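Chain naming follows the written order as A, B and C, and within any one chain the residues start at number 1.
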């Protein structure tokens, strides 16, 4: 049974089709990569999965996430779904975090909501859970950072906090939308390793969205390449990234290899 | 990330209402220079006559034609609005741009001056200017309202200019050897103009309202100038017996200010989306 | 022959910790030097100093043997004829209110360069791979890659000797980035170039010398090939090893 099934998904505004006839599935615990350049519709697809599309965009087709139909679901049902089945980490944690709230309290929010559902949301239990999460995301110097505000810490630390918040509701699917694009390359490597370890350890499925073929290659088992709202190629990551069949994928792979080759000193 | 194609701004019927209302007032104002049904001070009818074929808007206490006064009032409202916006615009834009370019200390000082002046009611500033000139006249009212508006224009100009100055095309212009004067003229002003234009249109509406208030208080254009505010003041004693005398200038004022606001909205829709950069 | 030489440069904003500390390197005539660093390395500040937009508090910059005088108007006028720049964000670096013709010819007008500006603009715009018809349109009618080509046309229209590029391909999509890197490669054949970037892959593909910056200091500098083969500094090594590579196993021999 697939955790996420997307069937013939089409997203359109009144006068433009943004995503057309998109189908894919993600199995529990699977790491799926969505590759695309700007305007490919990859981020809109992730918003559709969580039911967070802007009002002006109308979805059609089917999205089934953890047994729940997403398209046409009530806001209430979607809220419950986002609480237990899916969480998202965005590109720029500075805009995803509340600038006026200390980081510790931001992590405590989703933790408290989950514990309330199971009926043991005491202050001590919340604090213990927050500490567990900060350990999991390897947040250094948690004493100090949990009391700090988002603008006071580095981009990498903010992304760790955002990941901790995403994990707080114990999702079955983690969506990471360009989670490392705003980060320095050395920080990016750390965050990618962290994400990989977490989804492996917790058995969480990962929908990893990126324009960076190298990063997707490190993260995903299966990939789909999108262009102008359509899927042009999909398959095992090793196959698509080493022996692409579609012309567009081939040009992307060639471009990425060009810079890789330069780093190896091959002209 | 998305491939949203920018939809063309559609012409909104509400905006056409704005262009229409302003157009009618402008038409009456312009025609009043060449033709009015009667002379302004001509006591052509009986006292407080209701609207009729001879007097389309009735007459006032002295038997003067109210439609004539409304037409002259439209002219005065437009002259005051344009004059005040011109004076306030020039002072405001110059100081606003200077503040945006000034050193940190001077900029903070100018920003504080704008805020303090804005906290002063425009009407109070206008009354002070009238008092200083020791005579109420149309020119005094225009000058007073212009000065009153200038800090509002100055503040918004400063903010808009700072936003433009942070763009890479300003750095690119400097690297291209363009001097600061040309940068203001070619890069800053064209890019703040759409936003500033909308703001100035709104200020126009406020100036017309403020002039009516000044006239109502007897601080505006002296008689026999028939400002709408003065008409309101003169009609207030007879508002029960001859309501049209107060109603019509009130409606005219309302129509012009609403029209200006809708027009400003229309301008914003027209210039904003196309020029949006990023 | 050395075209640009930076000597013991130091710079700080206000009383903050110095952004640049004791920076020294040289750019030979005709070379293509990459300045590499992550955020906070001071690379963008260094570029602002090289452009004369800020003045260093310590050290000096020698251009063609003479010190750069950022506060001397006449000197800067002459300097800008010889040194031009391309910036990171093509959505911010072109004035949206102007037609492309006006944008591309701005250096010609501002620097009072004689000649037929229209024709010079056409030459510049065709040399960056765009249609001359581009000149009559507005920036918002173009994609990011095309906009960056327009920005490059503006930078080369006055035929400078030194082109400075600040993260000039970082905001572009991968397939566009490759093409713009190729364009920079062509341009580097004709003039000296300093290419600032956080992307080691791009710099490796484009530049023949690399200067690595970390927190305001130069940690390593040298020939690109030598640094890629045997990075000497720990920071350079971690920078290189952090870059995600494409999975190996591409069939080397398709037969």
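Quick note on the criterion: contacts are C-beta pairs under 8 Å (C-beta built on N, C-alpha and C of every residue); 3 or more make two chains touch, one makes a residue touch a chain.
These numbers come from a predicted model, not from an experiment.
Participant: Name the chain whose C-alpha centroid is most distant from the C-alpha centroid of chain A.
Facilitator: If we average the C-alpha coordinates per chain, B ends up farthest from chain A.
Participant: Of every pair of chains, which is linked by the largest number of C-beta contacts?
Facilitator: Greatest count of contact pairs is found between chains A-C.
Participant: When the C-alpha atoms of chain A and chain C are each averaged to a single point, how far apart are the two points in Å?
Facilitator: About 33 Å separates the centre of chain A from that of chain C.
Participant: Can you compute the centre-to-centre distance for chain B and chain C, using the mean CA position of each chain? Integer Å is fine.
Facilitator: Centres of chain B and chain C (C-alpha means) sit 48 Å apart.
Participant: Quick one: chain A and chain B, Cα centre-to-centre, how many Å?
Facilitator: Centre-to-centre distance between chain A and chain B: 51 Å.
Participant: Where in chain A do residues touch two or more other chains at once?
Facilitator: Residues 38 of chain A each touch two or more of the other chains.
Participant: Specify, in ascending order, the residues of chain C that touch 2 or more different other chains.
Facilitator: none
Participant: Which of the residues in chain C come into contact with chain B in the complex?
Facilitator: On the chain C side, the touching residues are 51, 53, 76-77, 80-81, 83-85, 87-89, 91-98, 106-107, 110-111, 139-140, 151, 154.
Participant: Could you list, by residue number, the parts of chain B that touch chain C in their complex?
Facilitator: Going through chain B, the ones touching chain C are 167-169, 171-179, 182, 186-187, 190-191, 274-278.
Participant: Taking the complex as given, what residues does chain C use to touch chain A?
Facilitator: Chain C reaches chain A through residues 38-39, 144, 173-178, 198-202, 204-206, 225, 228-229, 238-251.
Participant: If we count contacts the way the header does, which residues on chain A are in touch with chain C in the complex?
Facilitator: Counting only chain A, the residues touching chain C are 37-38, 155, 184-186, 188-189, 192, 211-215, 217-218, 237-238, 241-243, 251-260, 262-265.
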